[in-house]
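Structures follow.
Presented sequentially are two complexes of subunit A, the first with subunit B as partner and the second with subunit C.
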Partner chain A sequence: MTVETSPTPYTPTLNLPPDAPSDEFLNQLLRQSEQQKVNIHTEISGWLQELRQRSAYDVTKQRMPSRKDEEWRFTDISELLGLTFQLPQSGELTKNAIAPLTLPEAKQTRIVFVNGIFAPNLSDTSGLPEGVYAGNLSNLPLDNCYEAIKYIAYQDGDKELFTALNSTGFPDVAVIWANPNVIVETPIHLLFISTVEEQPSFTQPRGLVIAEQGASLQVVEHFAVASDNQCSDIPKNRPYFNNNVTEVFIKENARVNHTRNQRESGDGFHIGKTAVSQEKHSHYTCNAITLGGKLSRHNLHIWQKGESTETYLNGLTLIGREQLADTHSALYLQYPHGVTDQLHKCVVDDQAHSVFNGKVHVPQAAQLTNAGQLNRNLLLSPKARVNTKPELQITADNVKCTHGATVSQISADELFYLQSRGINAENARNLLLDAFAGEILERLPVASLQKVLAQCVACRTYE
Partner chain B sequence: MTATSVKTLVNQPYKYGFITDIEADTIPRGLSEDVIRLISAKKNEPDFMLEFRLKAYRQWLKMTEPDWAHVGYPPIDFQNIIYYSAPKKDENKEKLNSLDEVDPTLLETFEKLGIPLSEQKRLGNVAVDAIFDSVSVATTFKEKLAEEGVIFCSISEAIQEHPELVKKYLGSVVPPGDNFFAALNSAVFSDGSFVYIPKGVTCPMELSTYFRMNNGETGQFERTLIVAEERASVSYLEGCTAPMYDTNQLHAAIVELVALDDADIKYSTVQNWFAGDEEGKGGIYNFVTKRGLCKGKNAKISWTQVETGSAITWKYPSCVLVGDNSVGEFYSIALTNNKQQADTGTKMVHIGKNTRSTIISKGISAGKSSNSYRGLVKVGPKAQGARNYSQCDSMLIGDTAEANTFPYIQVENNTGNVEHEASTSKIGEDQLFYFAQRGINTEDAISMLISGFCKEVYNQLPMEFAAEADKLMSLKLEGTVG
Partner chain C sequence: MIKENSEVILSVRNLHATVEGTPILKGMNFEVKAGEIHAIMGRNGSGKSTFSKVLAGHPDYEVTDGEIIYHGENILDLEPDERALKGLFLAFQYPLEIPGVSNLDFLRVAYNSKRKAQGKEELDAFDFEDLVEEKLNIVKMEASFLERSLNEGFSGGEKKRNEILQMALLEPSLAILDETDSGLDIDALKIVAQGVNQLATPENATVMITHYQRLLNYVEPDYVHVMQGGQIIKSGGKELALELESRGYEFLEEQAIASEVTA
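Now for the complex of A and B:
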């Protein structure tokens, strides 16, 4: 696919229905979305306008969730509601500024979006093989564009508040698209950078990943802030709100290995959605790493759209200070012979609060399903909190489904065992922590990322 | 197995579905402050009780019916329920002096249910409080228990004779405004059992309450209160049945348990309310609040339940572990068939240090039923060294039944240890084949497999009830696998 020059920015109108939301905060975000310029081919502007109208309508019918809503019972977002957001004003970054965020494995397979907008100067896709596209929607040839818009916002669950909100105001769309039977060996680095500004800013990045029949892709989705080479974990009282959505479509026999590395700054509010649909005989692996953000929520929804699909979900949440990290995953099985396996681990330090909710729906049609789920939580401090709720809903009888959850501290027995072998208490503790996190990290397909994250684990948890 | 024999087995009638034709003292339908005053007056209650009821009623008016449970039913018209119905008593006699004075029709009813109230016929070691619609008709072995200082009587009697105890403990575990159905119960509860075990006493026999709902339009709102003083110990069992009606009846009960230092309460339930027919018509709505408070150190409360009846079950026997080293246990079998819906489980709230809890839940769903386990394990910030182990197993029989698990785990203390496991399985062809090889037919094989699946819970029931429960389960399941 050839790269064209960017079309001129286009600002669609967003006529709110007369009964605009009674929710003041939502109204504020919608007003911001209204002004969002979008780079897009003029030929498909009609589609965009319609999408934005439809989504705005869905948003106005809802209100911001509170702890009275079952889905948000343990996640208090009131701090977010107290802020006034505006669209980011700047968005220029230099190659040097993003150097610490890049991956050596994906030097020439990287696309960068700053505040949700494609940054061609920071991206490099020269290493991609024939038959795969990585870039934004407006650089996609028009014919492909017509095809792409059949996917955007067509995933189930698009009416959910934050997803619909994203659809009303995404500034650009990151597209990764592999043609049938194309196997991409190198990981594709999809880097979403937020710039921190004086005023709290509001960005809504959007991603679209399509693996056509028999294609195979590795995607590293990475959320970060532009920082001055210091660790961005330390809060500097510069809040921003990142409401992102990534839709993944996996066709027959295709494979996607998706790593989602969330490294927002200590001031960031991050509400993210990963919506995946899998056709028959497809594989999907998600490695969701959550380290950043003051408050973060990851909604991971997977729909099986064919038989014999395989889904592997690995999650690692490592939080401290007053961070809150919430993962809500939902697996909707609909066909026989599905295999799913989920392992979500959390390490919670200081006064942090971790929330996990894992739904697995096995309706009558999904016979011979083999579904496993395990959530393990490690509490490192007396004030750390965990809320976990693994959920199974099963109507098929010929299935094997298990789930488990544990909450504990570092076991005294294990420490003693290591000490009895001459390892001092401090090293023993660190070793156990490394191993706990390592179980997930070693599943990451990119070695350099494993190394960086292992260092972060050490930096955060070692005494 | 042939199709016809499956059908005949599935259509096994509900054995306890008969109606007793008895003259009843029934108040008009509907609920208002006047109705509550009337109930209170009929029972000749002291003022504090009327106050308690009115306060609960006023709270209830402000509450909305909960909708978070995984069950569906048409809205209940609370004004179309009769809140008080009692077998008519002889006006001249204020109080029954002995069992001989109880209406013989009533005694017959309980006889039919397999609960003979005359003490000679009864197994020597079980005392029974029989409750018919809204009132307690008889309590056996009262004198023998009194010798040990144990009080076992209906709650109305306790209100008259031991008001200080009732006043102290009633509503102390489940406050009137706890939830919608608890508030309703607190406002209109008619009768129930009261047990008080004094310091250091081990109750010499099993205590038991038998609930029978007879009137088709009454709701049953009973209230049980069990208090075990320091070092006291008691084992208590409740059983329930109701006639078959086309309409749904509401049963909203409250059970409160209080265990002081070193006390031990074991509460077992075999619930077999009418579950409605295969089409899901009729049956009891069983919306019950059961909670035990381990108030003292080293106290222990153990719930065992075998839930086989009711059209809808909404019930979470809970333990609040306040005392240090206290123990909470929950053993449950929930069986649903046809169109029954059950949303049941437990709450273990760890507040004191070194508190421990165990949850073993077995769910069996057959037919088109839905069976959900919903549990909460909460470890508070001060519950140092708390420990919980939960295990929820579901068995699905047929591919139209639904089994769900919704465990909530909330931990706010890093010295706690919480483990939860759940699994789902079915009776496999290979298992049945194995039995068949050894000459055991399918029906027997299933019944044995179910017994094995539920064994951990049966082991917790008093001996004779375990046998009864096992029989009940196989009866309920006959013909579901063919």
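Now for the complex of A and C:
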């Protein structure tokens, strides 16, 4: 696939009815979306126009969720409502500025989006093999572009408020697309960077990953913030709102290993959606790491759309201070011989609050399913808080399903055992914490990321 | 090995300890000198295991009276790791399984903690592996054990051998083996016993806590003590263990009651 020059950006109207949205905050965001310029081939502008208007209509029929809504019972987003957002004003970053965010394993397989907009000067795809595209929608040849838009915003759950909101105003689309039977062994780094500005900014990055029949991909999706070399975790009272959506399509016999590394700044609000459709005999692995953000929510939805489909979900949330991190996953099995295994771990320090809700739907048609789910939480402080809700809905009668949730502190007996070997209490505690987080980190396919994150675990949890 | 004038390693005087307010140790007196091997026997609930945990400094046990003098120093206020660094070692009856901590990393951190405390340079990963592989022979363990998580999925015998491996690395001056023989088949018992014998020197001492005389066939004690009701009620040579084996604990309890009556 060749790279063409970008078409001129233009702004499709949302046709917002003047009095339609009753929710003031959503109204504010929609008005911002309406101003969002988009880089796109003019030939598909009709499609975009239709999508944006349809999505705006879906948004206006809803209101911002509150804790009275079952899906948001434990996650209070009222703090977001007090802020006035605008579209990012800047967006120019240098290679040096993003160097700390890059992965040595993906030096020449990296695409970078700043505030959701493709940044060719920061990207390098020279290391990609034949038959795989990584870039943005407008650089795809037109024929492929017509094909690609058939995937965007047509999955179930597309009308969900924040997903629809993203569809009203994404400024660009990141595309990773592997042709049939193309095996890409090098991880592809999909780096979404937010720039922090004087005024609270509102960005809506959008991603699309397609693995055609028999293809195999490793994607490291990374949400980061352009910061001044210091650790971005420290809040500096510069809030911004990142409302992102990434859709993943895995065809028959294809495999996608998806690492999702959420490292917003300590001031960031992050609401993210990962929506995955899997065809028969396909494999999907998600390694979702959540360290960043003042308030974050990850909605992870997977549909198994064929027999003998395998889904593996690994999650690690590591939060402190007053952070809130919410993971809502939903797995929809629909065919026989489906396999799923989920392990979601949370380490919660200070006054932080983690929320986990894991739905697994096993309807009558999904016989011979093998589903496992475990959520383990480690509380490091008396004021840390956890809400966990494994939710298995099983109507099939010939299945093997297990689930569980644990909430614990560091075990006194384990500490004593390590101390009795001469390891002091602090080191013993750290060894146990590293081990807890390590069970997820060791599943990451990229060694440098394992190392960086292990250091972050240490930095966060060692007093 | 009993030697005249050898150094007193451990001297426990009138030790009283409680767990959650319940008294378990009620006036324990016990002395160990360099080069000696002691066996403490007794029924379940006699306080044997509590005694070993109190020596190692388990936080659940509160010492209400008495003292523990180790190499001339009262160690009651020391943390478990500080006691360990001074050369006190407890082989656990039930070694804990710690998923995610590799056995090798654990052994290296423990070993280097000791090196650091002694003012020596820490060993790097390569040098340490050479050292540990040498020690593996003592307990006839495969090197593959080092790569596994600490005790995770180990059989009972493997866990106990791993305890002796730790002992071999840390070279304690006082090793307390809490029911190290329990749950071992005869082959594993022999390996563990050989390890203990190999590690015993004229400078260190070993205290074996056990129900049965079985282990004492392979590790010959210099002294045998019987605990009952949180105290040592009788001490003797290795023949005492044989007597217990053939006559049971009752005869001692009768003697104890009789002596109380006469006193």
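By our rule, the second predicted complex is superposed on the first by the 460 of 463 C-alpha atoms of A that agree within 3 Å, B and C clash if a C-alpha of one lies under 4 Å from a C-alpha of the other, contacts with A are read in each partner's own complex, and residues count from 1 in each chain.
Definition applied: contacts are C-beta pairs under 8 Å (C-beta built on N, C-alpha and C of every residue); 3 or more make two chains touch, one makes a residue touch a chain.
Source: prediction; values computed, not measured.
Chemist: Could you look at A:24 and tell me whether it touches subunit B, subunit C, both or neither (first, second, both, neither)?
Modeler: In the superposition, A:24 contacts neither subunit B nor subunit C.
Chemist: In the superposed model, which partner reaches more residues of subunit A, subunit B or subunit C?
Modeler: Looking at subunit B versus subunit C, the one contacting more residues of subunit A is B.
Chemist: When the two structures are overlaid on chain A, which partner does A:198 contact: first (subunit B), second (subunit C), both, or neither?
Modeler: So A:198 meets neither subunit B nor subunit C here.
Chemist: After superposition on the shared chain, which partner residues are touched by A:185: those of subunit B (first), subunit C (second), both, or neither?
Modeler: In the superposition, A:185 touches no partner, neither subunit B nor subunit C.
Chemist: Based on the superposed arrangement, let me know which partner A:414 touches: subunit B (first), subunit C (second), both, or neither?
Modeler: A:414 sits against subunit C, while subunit B stays out of touch.
Chemist: Just subunit B (first), just subunit C (second), both, or neither: which does A:143 touch?
Modeler: A:143 contacts neither subunit B nor subunit C.
Chemist: Regarding the shared-chain residue A:130, is it in contact with subunit B (first), subunit C (second), both, or neither?
Modeler: In the superposed model, A:130 contacts neither subunit B nor subunit C.
Chemist: Looking at the overlay, what does A:404 touch: subunit B (first), subunit C (second), both, or neither?
Modeler: first
Chemist: Applying the document's contact rule, which stretches of subunit C touch subunit A when the two form their complex?
Modeler: Per the touch definition, subunit C meets subunit A at residues 56-60, 79-81, 83-85, 89-90, 92, 95-96, 98-101, 105-106, 109-110, 113-114, 117, 149, 166, 170.
Chemist: For the complex, which residues does subunit B have touching subunit A?
Modeler: Within the complex, subunit B touches subunit A at residues 68, 379, 381, 394, 396-426.
Chemist: Sort out for me which residues of subunit A touch subunit B in the complex.
Modeler: These residues of subunit A touch subunit B: 70, 74, 364, 367, 377, 379-409.
Chemist: For a test of understanding, state which residues of subunit A touch subunit C in their complex under the given definition.
Modeler: By the definition above, subunit A touches subunit C via 412-414, 416-425, 427-428, 431-432, 434-436, 438-439.
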